[in-house]
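The structure follows.
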């Protein structure tokens, strides 16, 4: 599904990614862990088209996608969330979700005047958005401005937007950060379900690896811009290098 | 969907209503608003107790300093009438507004004068762009304007309307300057003009009539304040003379930098824009102007009537009259006389009265008969020269120019 | 029309123009790089500086040097006052960059008309100071022009030393590069920002004096030079001290040599004013990071993109 | 003194003309978040285009259409470099663009009369008397105001308008949700410029004269003040802002006659104006009328 080959990235001579190579298989929930400053978010930003890689290749379904802009990647089915949520603050929660939907014809200037058509479509999308909101427990806040949500709720909104966009692969940057543990568990269960029932692919950054343990199929550990360990969650957890890295951080 | 349709329908209805109402009002009011079209003597507004004269000058902005002094000219005219008990027993009231050297503001201020104050005759505006900007409005509204200082040739083209001016077109002054240049035997000149209607008008004239003489032409931005390289180019070009057209503010900057660059070996010619005593307040500028024996032209203000005006000005304000304050004085006098002698305080009649008054009025700047375009029919220009005297500096009159007589230099 | 152009003089003129841009632009680039918004009221700091020198020398009969010092102090305090009373509260209330820009226009309008109210709209001159002109080989120079160039050079050297050799300078650079990191490493960034606003406005006042001495004192003095000053700091790369200095002289050269081109092509020399604007547009289209994106980035580095931020 | 009805109507005409400008800036800045500091440039382009077309003998409607088309074209041109830039760069770039354009129109006489501009521009409606002409102008201008208001309200209540707001709120997030933000920003600038251009066309036919001195950067700042004071993001608000600005400008001219103050009234007005901007930004940054919560269905 997603193949990353020898990705390098440097800022003003500072090397952040040092030849990262990894593969995310279709229908898998794949975790990316690593201590602070290991380059996780930078890698996400490179994959999602926010940064151009200094070197290396990114393949989506075998097709090179490095250097594409975020909106082009979205159209190819790759959607991401942000570690620090980026909601549309002065729009309602519902609108935030609706904006994530694909092919709303009313978003084209040439078609906006045919309002009977886009209104019909909008009704369907609202239904879909409401279902998603129920899933992420935000249905009661659907008419609230996104700017008024709490940190944890914003994280959920991020996830909701990503789910709303019918992606093939989702890049989630710490989806459970700041979310209360019970709900986080429910979320991961849902992710697990989506992955295996709907054949969606998830690539998830988590700082605390315990959370991912039960729900991921595979795991990569990033350290100083390199993948140092990969494997099944249980194997990774027990790997000496991983323990060392995390202890080193402490 | 239906909601939007309803709204649109509502709006269309409102628009139609307003339109119908407006048209109705217009129909009803049309006759009384424009008595000139159907003059019925019984409906004529009676003469008011006080005769209001609008004064629209640039009291702030780039020309604020000049405008403030021109205002004194208008005040002097009013005082004179008031000391005689007004005109026909009616007092004169000046309604002064500031156009802030901005044509948009001039339009707005003009409308305030006319619509709110009910003024039918206005002295002003000062600049040509302002005059062009208000021309349409005052013609539609039948309000007489007399500009004391709008000198662009284009204003002549406005034709027979409500726009008058007491000062001649720049094209004439440029002709005077050209004769002066020829009398001095220049073959190559440089023009150095302010980049606005005033300066560019002169540049265009020289480029049109003596293109072979103009070796290079410079337009300068009065805000820039850095003219060294422009001046250096003039110096390097080896011209016989430099024709400077600008105002006091930037003129001082140009002359100081010219002095610093040693441009004192070329002849300098200029126009009325800098022919003002405030130029001498800055010692360096004054020294430079005297050293190069700067000469130039300005709309004439000499002779017995001017001396009388100047004396009155000194008595009233303790200072010599400055640039265009004589023209403002004459414009105000004409406005008062026209409004006072018109059968009613009403634009078209004031306009006719103004034409009559202008046939005999002899003011600070001479006879002010208007031609068919509202321009003065007679104009003479003075030729001045900057000289250093025991007490300071002054503009000495060394000759005159008129279309009929050409250039006459005092020997 | 072929004639010999005194290129040396034009080069020298460019040096004067460039130095004036350095003088008025230094303060602007300082506050811009620290508070991250273009302060349009900087124009009025420039104007105010000129008027206060005038008040000191021509009205109170103080000497020129003490007049300039007093002017720099007062202008500096006005700058800090504007920052404390308007810009900081606004930024604390989550005002965006555009809000800050508009508020600076509001401050500018207020100050300009307050100045006009106090000193009037008519142009003024420093009557107590005189600058002699003389020939220096093929060059015409005056003591003022040499003063402008020397002051610019000395100022640049002093600021260079402050920025590289002192604790204050290092703190300033750190605050400009990454305020939160600077704060984390124990720098009192509020104090630093206040010092920079003081210095920025004081330098504007000094630049205003030189600009006014070279021309005249009017309420629009600063406004007339503000856009070229923006051109300079954009060409230099915002926040780049050395880029801005190079850009000032590049603009000086471009403006002065453009006159030759415009004259020989028979085009209006009024377009000289447009050079700065064209510089702005070309720079922003082709190299939005300005000269600093190319080199000179040793001291004031280009802002490093933080995670999640779009690179330009 | 009779009630100055003509003055009031004239004020409403100006409110309408500048209200259209405020609406266009509201689309660009209020909704899309593009700080266009070159508003006056598009106003000028519209005024000159429409003046040249109508002076050549073509009808007003063609003039205004041309004005909108040419302004939209320039808006799109400016957007090319501008939309990839940070807000402050965009502001300074558009400001510079307006000044360059004014310099060109001033110095190149062959384009449109140079420094003295164009006079005798035909009015939209031919009328017989001053009063009926004024009502005619009022109707013409408000047909445009109402049309643009409905149009912009419709956009605001559509997925298109929602998308523009999303770009304003967070461009990167919008991109990550598949929106080609660059393209939408270009569209917003083009539409906004077209609207501003029509306002210029109305201005030209109302004054019947235009010259480069009428298009100083101060107009841009005035339009910004209308939007900021009236209410960023609210179309009703910015129209109210335009009215407030007119009342303020004209009111201060009238009130100075009744107020005896030791301060020059012109200076006073500008000082108050500067303060007002700051106060609104500090204490009511959303402006007089807040942006409303939009429901599409």
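Letters A, B, C and D mark the chains in the order given here, with residues in each chain numbered from 1 onward.
The definition used in the following text is that a residue touches a chain if its C-beta (ideal position, glycine included) is under 8 Å from a C-beta of that chain, and two chains touch if they have at least 3 such contacts.
Just so it is clear, the structure is predicted and the values come from calculations on it, not from any experiment.
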Centre-most chain, if every chain is reduced to its averaged C-alpha atoms: D
Farthest chain (mean CA position) relative to chain C: A
Approximate Å spacing (C-alpha centroids) for the pair chain A, chain B: 71
Centroid spacing, where centroids are CA-atom means, of chain B and chain C in whole angstrom: 38
Rounded Å distance between chain A and chain D, as computed from the means of their C-alpha atoms: 42
Whole-Å gap between the CA centroids of chain B and chain D: 32
Interface hub residues of chain A, defined as touching at least two other chains: 50, 82, 86, 115, 119
Residues of chain B engaged with two or more neighbouring chains: 4, 60, 195, 219
Multi-chain contact sites of chain C, meaning residues that touch two or more partners: 116, 268, 270, 273, 308, 310
Complex contact set, residues of chain B against chain D: 4, 7-8, 11, 15, 18-19, 22-23, 25-27, 29-30, 33-34, 37, 59-60, 97-98, 100, 102-104, 107-109, 111-112, 115-118, 128-129, 132-133, 135-137, 140-142, 152, 154, 158, 195-197, 200, 204, 219
Chain D residues within the chain A interface of the complex: 154-155, 158-160, 162-163, 165-166, 169-170, 172-181, 187, 191, 233, 291, 293-294, 296-297
Parts of chain D lying in touch with chain C, wherever the complex brings them together: 29, 35, 81-82, 84-89, 91-93, 95-97, 99-100, 103, 106-108, 171-172, 221, 224, 228, 263-264, 266-268, 270-271, 273-278, 281-282, 285
Interfacial residue positions of chain D with respect to chain B in the complex: 1-2, 4, 6-7, 10, 14, 106-107, 109, 114-117, 119-120, 127-136, 138-139, 142-143, 146, 150, 154, 207-209, 211, 213-214, 216, 218-219, 249-250, 253-254, 264, 266-267
Residue numbers on chain C that touch chain B, as the complex places them: 1, 3-6, 9-10, 13-14, 16-17, 20, 116, 121-123, 125, 127, 130-131, 133, 135, 140, 142, 144-145, 211, 214-216, 218, 220, 223-225, 255-257, 259-260, 263, 268-270, 272-273
